[in-house]
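Note that the chains take the letters A, B, C and D in the order they are written out, and that residue 1 is the start of every chain.
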Amino acid sequence: MSLPDRDGQASRVGCTLALDVATPATVVIQIAVARRHGATISERLEIVNNTVPMPAQELVGAVGGRQHLFHVQPGTVTVGYEATVAAGAGTPAPVTDEERVEALRPSRYCPSDRLAGLAQSHFGELPTALERVRAIHDYVWRHVGYVSESSGPTTDAVDTLMSARGVCRDFAHLVAALCRAVDVPARIASVYAPGLDPMDFHAVVEAEIDGRWQVWDATRLAPRPALVRIATGRDAADTAFTTVTGGRAELRSLEINAVAAGELPLDDHVRLAALG
Amino acid sequence: MSLPDRDGQASRVGCTLALDVATPATVVIQIAVARRHGATISERLEIVNNTVPMPAQELVGAVGGRQHLFHVQPGTVTVGYEATVAAGAGTPAPVTDEERVEALRPSRYCPSDRLAGLAQSHFGELPTALERVRAIHDYVWRHVGYVSESSGPTTDAVDTLMSARGVCRDFAHLVAALCRAVDVPARIASVYAPGLDPMDFHAVVEAEIDGRWQVWDATRLAPRPALVRIATGRDAADTAFTTVTGGRAELRSLEINAVAAGELPLDDHVRLAALG
Amino acid sequence: MSLPDRDGQASRVGCTLALDVATPATVVIQIAVARRHGATISERLEIVNNTVPMPAQELVGAVGGRQHLFHVQPGTVTVGYEATVAAGAGTPAPVTDEERVEALRPSRYCPSDRLAGLAQSHFGELPTALERVRAIHDYVWRHVGYVSESSGPTTDAVDTLMSARGVCRDFAHLVAALCRAVDVPARIASVYAPGLDPMDFHAVVEAEIDGRWQVWDATRLAPRPALVRIATGRDAADTAFTTVTGGRAELRSLEINAVAAGELPLDDHVRLAALG
Amino acid sequence: MSLPDRDGQASRVGCTLALDVATPATVVIQIAVARRHGATISERLEIVNNTVPMPAQELVGAVGGRQHLFHVQPGTVTVGYEATVAAGAGTPAPVTDEERVEALRPSRYCPSDRLAGLAQSHFGELPTALERVRAIHDYVWRHVGYVSESSGPTTDAVDTLMSARGVCRDFAHLVAALCRAVDVPARIASVYAPGLDPMDFHAVVEAEIDGRWQVWDATRLAPRPALVRIATGRDAADTAFTTVTGGRAELRSLEINAVAAGELPLDDHVRLAALG
């Protein structure tokens, strides 16, 4: 039932981003691929603030995710990252009790408590987690339109359900919120997505099916077996690729690249698949 | 197709309400039955503020509705109203251009602009207004549960859609909001509802079908042919049975009665019906 | 106390707008200046749909406002309007009981019931309507920043209070919502605003002070004595300059002009002023 | 500057709760006091489901918090917990980088991104974290009223700011959201609160001042030095004392007790204080 393994090949991913910095500020980026057992990562991260190379502090997060924190002075900061990841997709990871408890909670952009009534009414009668997730996934795919720039940073899953349009993070938030509301643990992962067009950071959902994390993408815009995990969390509040605190800096440019190991796999977006 | 006429009989409706008044205040009540052509109304309205009978000023509103405004002193105010209404339900009223334009606008509790995407996605493809209203009416009937005290005065149609429960005003707001979002003019009427159990003020929707106002009630709790119109407006902001301004007063008790002319009619809540 | 009269001179206002029409649709525009006692209006309204001149039906609205309704075929529709208005600003109009009752209700973009607690806590202790309105007006002026394109069509007064930025309609909605929440009747007027830069349609608030409608503009971007009223209502749901129903059409271009009679008056935005 | 130490004495806290269980369900409770270095905890936890003692699985959470997870059958489940905690309040804990990054993120009930504009406009100009937190703490204390049952489980900080009333969790959510919006890391702790009247579970805020977690309570209802930490997280989504998943169970009764070690300390709610 699961999608084919992709053992022994290497994906190449990376990004270049530039920020205009108005005041001294602290920046946290989440662009490095997550570490995981059995995967070999070769990578390079370069941060330059006004021609000066800047060291970054690595903070370890959930599911192998890594944040990089650094302090910048007014002017410009550019960040370059590239990585080669050699690994098989392997089998889906088991869900721990701690993960399950957390992945059932409402969160900023997945207010599962607010839409619980609608979710229960539409999907609550289905007997298994798999059937619920498939029905939710199908509902979002059919009813929500992918429209660039149709949402903003404060858009949550209720907004997306109402407006019936959004970008990848909105699809993921809505699927995750509906899952949690019918007692299916769900979390968000940011990923590099070979095959995505136009290329961008991508967001998908991991939901628990029979004790394991399985990945879902209601946008159906990129094949799941080729996704490369970056950050994992409750929603975009945890997985934002860049966060500025204690000062002001704005994104000036962003370029992302992601090439799959070997040929881009096919994906029907119905079968089970695991995120590496 | 339309429900049977009820010519030549008289409904008996009325209410008794008491307010505790903390400071001098202005009170507006909407409890008197709306006037309409061909209907004979015999009525009595008594307002007593701390044993002193109070005169009320009658303000004429939309669709024959009448508001009664009066000023009260601290203590207690009791309002007694009873009316006998003799009239046939007649034919549904034509929709004027002014009414149509207004009944398509979003309003406080019917934010049709917020849920436009969902409404278009679910009901926008249906070719006629009648099919759209029937589908919306059926959707709300199937997905929203009637639960006493499950909503509050600030609950709007988006909240109701999310929580999937509410009382009569919430059902009416959600139906009206969805109708407006798919270009079907819709407004709210407060009514006396013979047969409602437990007895209370009731709220229903009038939507335009083929140029005429037809009445819908997604709670299906009272037969439409026996309803007696009180106030008509965009939503509960226009039809509240009591509003206090410029001071503080709180409802202490409320008793409503409504007896149909003759036997209580049957209603399948699918056929077209007009609100008298 | 009131601003100087501007008797005997004529303002020149108008606009040109073009819509791309995708399907047959009904369009309602509110761009014609409101009629009022003692004002002489010379005007011209031209509507052309794919080179064919189109008649429009005039619907009379509140406070002399006029809507023009017409039906369009796919292609382009252009609307040209120009008017010369000769009138003195005169004295502020008295507030009728019906107007007062309506102007205290919450509305779509002025959810005064939602923010009632904050409003009461900040402004409710002030003893007179004038002090309340001045304090609200000053609060919004100090705390909200005018930022072009910082809001959208579904933005309401709570959103504006939270984000602390908006355009003219957001300022007006927030002022009106706060006023209603402390028992001061308030309504919205769309206006031509000589002196506004960049030129655009403008929105202001009328609030009841001592029984009369006085005008307030927390953006302070145009002098109140030169404003020319177009539409009046509860909020932007009532005063939108163009509304499309029963089909699809999108604004392609819009050009507005407004020249004051004589020299542009000064306005400290603190003294009382009436909207003509 | 800091409040007096309470070395060498023991607080006694605990609770008894009963749930009516409708279907087999999983229950997670957070009622056990958090472990911390230097504190000696003597405790007893008893769970009985229909007369059968139930074992619970202990999940370790943030800041020494412990969740207890167990599965129940239809009928009744009663939980009894009591603990004696002997410890000094000690010094406030240092804030780690990981904690800081997380405590700046918006969360379900603390949507700091939504109210960022208001927060920046009111408190953003104050130069230090201490001044910002004190001003926020004072603002919430002055403007929000403590009203029992004035909020519900889906109430967030924006709702509380608008309605200007709430219970302890609402005060904590609003303070935390405003802090995060002006770049002050803030998190929520649920606590036993000796002196609280009526006795209940309590919620307070920890905000970073000069690199350390300091505790704030805008309700001012219980002295901070006597608080005993239970759970710590982003907001009530993380600290709920009971959560039911995969089935239905409802709280039937709840009784809480908390007695301070020695005499109840005084607290001016202005000076810095640490949560044990």
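One rule holds for everything that comes next: a residue touches a chain if its C-beta (ideal position, glycine included) is under 8 Å from a C-beta of that chain, and two chains touch if they have at least 3 such contacts.
These numbers were taken from a predicted model, which means no experiment stands behind them.
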{"item": "Chains in simultaneous contact with subunit B and subunit C", "value": "none"}
{"item": "Equivalent interface positions on subunit A and subunit B, same or different at half", "value": "same"}
{"item": "Chain whose Cα centroid lies at the greatest distance from that of subunit D", "value": "C"}
{"item": "Chain pair repeating B-C, as identified from A-B, C-D or A-D when over half of the contact pairs by residue number coincide", "value": "A-D"}
{"item": "Between subunit D and subunit A, distance of the C-alpha-averaged centres to the nearest whole Å", "value": "30"}
{"item": "Inter-chain centre distance, subunit B versus subunit D - centres from mean C-alpha coordinates, in Å", "value": "44"}
{"item": "Whole-Å separation of chain centres (CA-atom averages), subunit A against subunit B", "value": "47"}
{"item": "Multi-chain contact residues (two or more partners), subunit B", "value": "114"}
{"item": "Pairwise touch network: line, ring, star, complete, or other", "value": "ring"}
{"item": "In contact (per the touch rule at the top): chain pairs", "value": "A-B, A-D, B-C, C-D"}
{"item": "Touch list for subunit D against partner subunit C, complex", "value": "114-118, 120-122, 142-145, 158, 161-165"}
{"item": "Contact footprint of subunit C on subunit B as seen in their complex", "value": "28, 57, 59-61, 67, 69, 97-98, 101, 104-108, 111, 113-114, 153-154, 183, 237-238, 243, 245-246"}
